[in-house]
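Some notes on the structure that comes next.
Just so it is clear, A, B, C and D label the chains in written order, and each chain counts residues from 1 on its own.
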Amino acid sequence: MSERILKKEDINKFYEAASKTYKFYGPVREKGNIIFKEISNPEDLVLDYFNSKIPPKEIVLPRTETLFEYEMKGNDIIINDDVVPDEKVLLFGIRPCDAYSFTLLETFFKEGKYQDDLFIKRRKNTTLIGIGCNEPKSTCFCTSVNTHPHDKENVDVFLTDLKDKYLVVPISEKGKDLVKDLNWLEKATEKDLEKALKLSETAELSIKTKLDLKDLHEFLMKNFNSELWKESSQSCIGCGTCAFLCPTCSCFDVIDEEDKYNNRGRRVRVWDTCQFCIYTLHTSGHNPRPGRIQRFRNRILHKFSYYPIKQGLIGCVGCGRCIQYCPVNNDLRKIINKFNELKNKEKEEMVVA
Amino acid sequence: MPNPYVPKLTTIKSIKAENKVNDIKTFELVFKKEEDLKEFNYIPGQFAELSLLGKGECPIGIASSPTEEGSIKFTIKKMGTVTTAFHECEKGQVVGVRGPLGNGWPVEDMKGKNIVIIGGGFAFSTLRSLTEYLLDDKNRKNYGDITVIYGNRDSGEVLYKEDLERWQKRDDIQVVLTIDREEEGWNGKVGFVAPIVKEVAPSSDNAVALVCGPPIMIKTTIAVLEELKFKDEQILNSLEMRMKCGIGKCGRCNIGDKYVCVDGPVFSLAELKQMPNEY
Amino acid sequence: MSNIQKENEEIERFIREVSRDLFKENKVDLIIGYGKGSIPFNTTPIFISEENDIDKLIWNNFCYINLSRYLLPSLNDFIRENKDKNLKIGVISKGCTARSIIQLIIENQIKPENVVIIGMECNGILNRKKIEKEFGDLEITDILINGDNIIVKGDKFEKELAFNDYLSELCKACKIRAPPISSKVSDIIVGKSQEVSSIEEDDFSDISEFESKSSEEKWAHISELLKDCTRCYACREACPFCYCNLCFIDQNLPTWFSKTSNLGEIVIFHMIRALHVAGRCVACGACSNACPMGIDLTIITRKLEKIVKERFDFTAGLDLDTLPPMMTFKMDDKEEFMLEED
Amino acid sequence: MNEIKNEDLKVNVHEAESNEEWEPKIIAFLCNWCSYAGADLAGVSRIQYPPSIRIVRVPCSGRVNPFFIVKSLTDGWDGVIVSGCHPGDCHYISGNLVARRRFAILKDLLEFFGIERDRVHFMWASAAEGERFAKLVTKVTKLVKGFGPNKKFVKKW
């Protein structure tokens, strides 16, 4: 049996052990917001959190990331392309939905003719310690998108919060190695396992939002010009909240920065979103997605149509951040449900005919 | 693994002003390293991300043909940040090149067919690359009749004048030039591209039409081609989109689930009709 | 404050009544108002074109969005598409919403004949981010108002908080709760309004403490305030006055300021945005309330109001006659800040 | 990750003070008709003033977009001067009056955001006031020197 028990009072000990080899990231509370941050003091860790506000994708896809640096020496240009630090990162306390987003992002950055090696390197250096979600919020809908609150698949080590202790389950090879080194961890009993299983079941049952996303991608594409888009995008103000707080949104902008005085510079990428008008604006002034409708539609379709068509997976992990933080409360669930209604209506009409 | 965002370094070998207004220039670039040139295997219609370090990067279609060895050429119009910076460049300056990117014109599938090349204005650069490629001694025998129709606003805007003259002297290609309004000393045709296509285009049997130009020209020309019984699969288009990474990761050039930078920029009309109208 | 819940109900009844009358008399084609949100401390803008839907209009203390931004053709696809139809659009207007509409009329962004200001007397907007932060990230299932208190309910908790402590800072200082009315705008305002002359003077005492700090302290405070900014531009997009076709931060010929998460760049974005809305900002607080990270831009907003009031004796959006300060000048403007010889 | 760390928030303006040699770099936007001519006059009259300023000639002080000033600060200039014609003397009648309102707000805001008030200066100097120009530049140089190098907006490398 490879399951172990980590007592909550031993978190410090665990931190001491892990921080020797890893940069230790964990959830902390900063100005009332939970965020994942590098921990220098294990006391800062917040363990009774629901989820972070900014998704942990930040760790593998930083808000501002240098793509390469250059320096001009006379006529020579020296390019430094090895910009991703060779440090191992341990992400403690990632929720299963966000862990699933790491898998989605990885498939996206690996697919196709070109691979994003910067992302891949960061991802490779990251070890995920997931903690099961015992009390999902009403905005969560992870069970509708191929994952669930105790999904163990996408993490290296999975923890279940058993009130005063964690049940530690190593999942991947990386995780097994990590747990092996922590030989002071007690073995788990049958009772603990049972308890964890029960928690997992209760958590799954407590998710009330169910979205029917089966075959939706084809239907959405068929209804590309539906009036429903107009209706649901009307209140959208076109900010980037939903995208920036989305664990699977990965679009970026590329910017050059120049240090004129020292003849050097760097090319960086920063988060960007299809909600901004400038995102697709051509230099000529032509904009393929000129209005809120098109831009709003693009984001929804990217998640629920283009992702399924290309990767065979829904590009959403059901974390509910966009629902919670949208400034105008333009609820994603409402939009999906509207289309489902339309779909069912059409189906019924077909049957009648 | 190599970092896909790092450009290969080249230097500007020559700069040639192409039009009277002097806002279109052709830059000839030579790679600093021999092996970079060898790795840069492209077909006409592909593009590359050109960058001026510290200024930015922009996608530009390759104007030279793979048959012209030793250097690569790009025709750049002064438009935005990077292209303006390019126009301020001098010979010998270092330019970063990332590429070749995109799918390019399907030169293999076009073998044995009659080819109609229709270009308008500044968008002629990748078509120039293609024509040059087709006319190369090694390739000419693989293709049927070649017709080039090239329209411009006025004679001052006509790009690649020397190349056009050279082609016009050959008897295995028909070159038709047109300008929008009558002008003194102009030998070619006068009128928009679409009616000229109607006039000179060969039959649609075993033919393929390649269209590249401003949106309104594409629209009218496609209408004419359809009238001439060209099927959707026989009409090829090269699209333009705002791009950043050029390798399908930054997300902005999507039309539906297709990325113009990876799946395009060349699409057949049949493919375009499948895609949402967001280009 | 006596009974906020009762006030809310009254306001709700009032706006429904006025809206219904407008529809009945065929005076509007569309009404933009607040509708029930899908999570407890949120409301969503709704667009009503039929009398039957009037009961969807609600009022509570989370109606923080400034609805006037939906009137702008450049920002609202629906309005843009129907521009030629000369639609009459009614907007449920708090004092600040009405002021921004008047300001937008001055700026020639909307035509007075296309708007009907449905005036109401606002009883204050709660700072939902502050409430949220009070409970970490526990889920709030319901928020009720009881007398002078708000009761926040969750699955495992219930807590009573004083209404006034969680009132948005801007609302605490607000002197114009109902649409200001003057002769030129009187025909586009229905419902409640207040005479411009009856508006109290503002003393801006709430920011004097910050102003007295040293520049190091100010910088530290501002940096700490803004460092969480993710540059999602929700503040910009929620603002009725940020309607530029191309925001300065997006301009690239030349590229003025970079979009990285460098602290200096973030501060610059917020400072220049403030500069651009100076003399136009009506202190509606939509920017602060829209921010997903809970950054409270109140002090900046208040400072803007103060600068404009003290330097140019101007309050944005009061009437159509006075030109906003940045559109005009006077020979004898104060110039104590200019450098002089010792 | 957010690049900002807590230690970055503290700016040590006095760091460079130990270095007595440090001379501030000040950018001056001078209007073509008055102040630029004034600076010229200061030069031809051989009036001594610190060599700290670099001049950008602009058609009018009204041409000076606040971006210029803020951008100068981000680019690492330690101080900024904008100088135009005295009120009433503007070559374009009212350019300087429009600019004055703009600068008033900018200056208040910069101060509010924690940029030292005396890093950014606005002044009037006519074509005949070479001496005044030199005196004011001397004064600005002295003030800016007191603050040390500008660090708050400057990009970190």
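As a convention for this text, a contact is a pair of C-beta atoms (placed from the backbone, for glycine too) under 8 Å apart; a residue touches a chain by one contact, two chains touch by 3 or more.
Quick caveat, the model's predicted, so the values are computed rather than measured.
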item: Intersection of contact partners for chain C and chain D; value: A
item: Of A-B and A-D, pair with higher C-beta contact tally; value: A-B
item: Computed distance of Cα centres, chain C from chain B, in Å; value: 50
item: Rounded Å distance between chain A and chain D, as computed from the means of their C-alpha atoms; value: 46
item: For chain A paired with chain B, centre-to-centre distance based on mean C-alpha positions, whole Å; value: 39
item: Chain D: positions in contact with at least two other chains; value: 2-3, 155
item: Residues of chain C whose C-beta touches two or more other chains; value: 228, 255, 258, 260-262
item: Residues within chain A bordering two or more other chains; value: 63-64, 253, 255, 257, 260
item: Pairs of chains in contact (touch as defined earlier), listed by label; value: A-B, A-C, A-D, B-C, C-D
item: Of chain C, residues touching chain D in the complex; value: 211, 215-224, 227-228, 248, 256-258, 260-265, 267-268, 271-272, 274-275, 278-279, 300, 303-304, 307-308, 311-312, 325-326, 329-331, 333-335, 337-342
item: Sites on chain D touched by chain A in the complex; value: 1-3, 75-76, 155, 157
item: In the complex, chain A residues that touch chain C; value: 29-34, 46, 48-51, 53-54, 63-64, 135, 137-139, 230, 233-235, 237-241, 243-245, 253, 255, 257, 268, 270-271, 273, 276-278, 291-293, 323-325, 327-331, 333-334
item: Sites on chain A touched by chain D in the complex; value: 38, 58-59, 62-64, 257, 259-262, 264
item: Residues of chain C that touch chain A when the two form their complex; value: 37-39, 42-47, 65, 69-70, 75-78, 80, 129, 132-134, 136-139, 141, 155, 228, 230-234, 236-238, 245-246, 250, 255, 258-262, 289-294
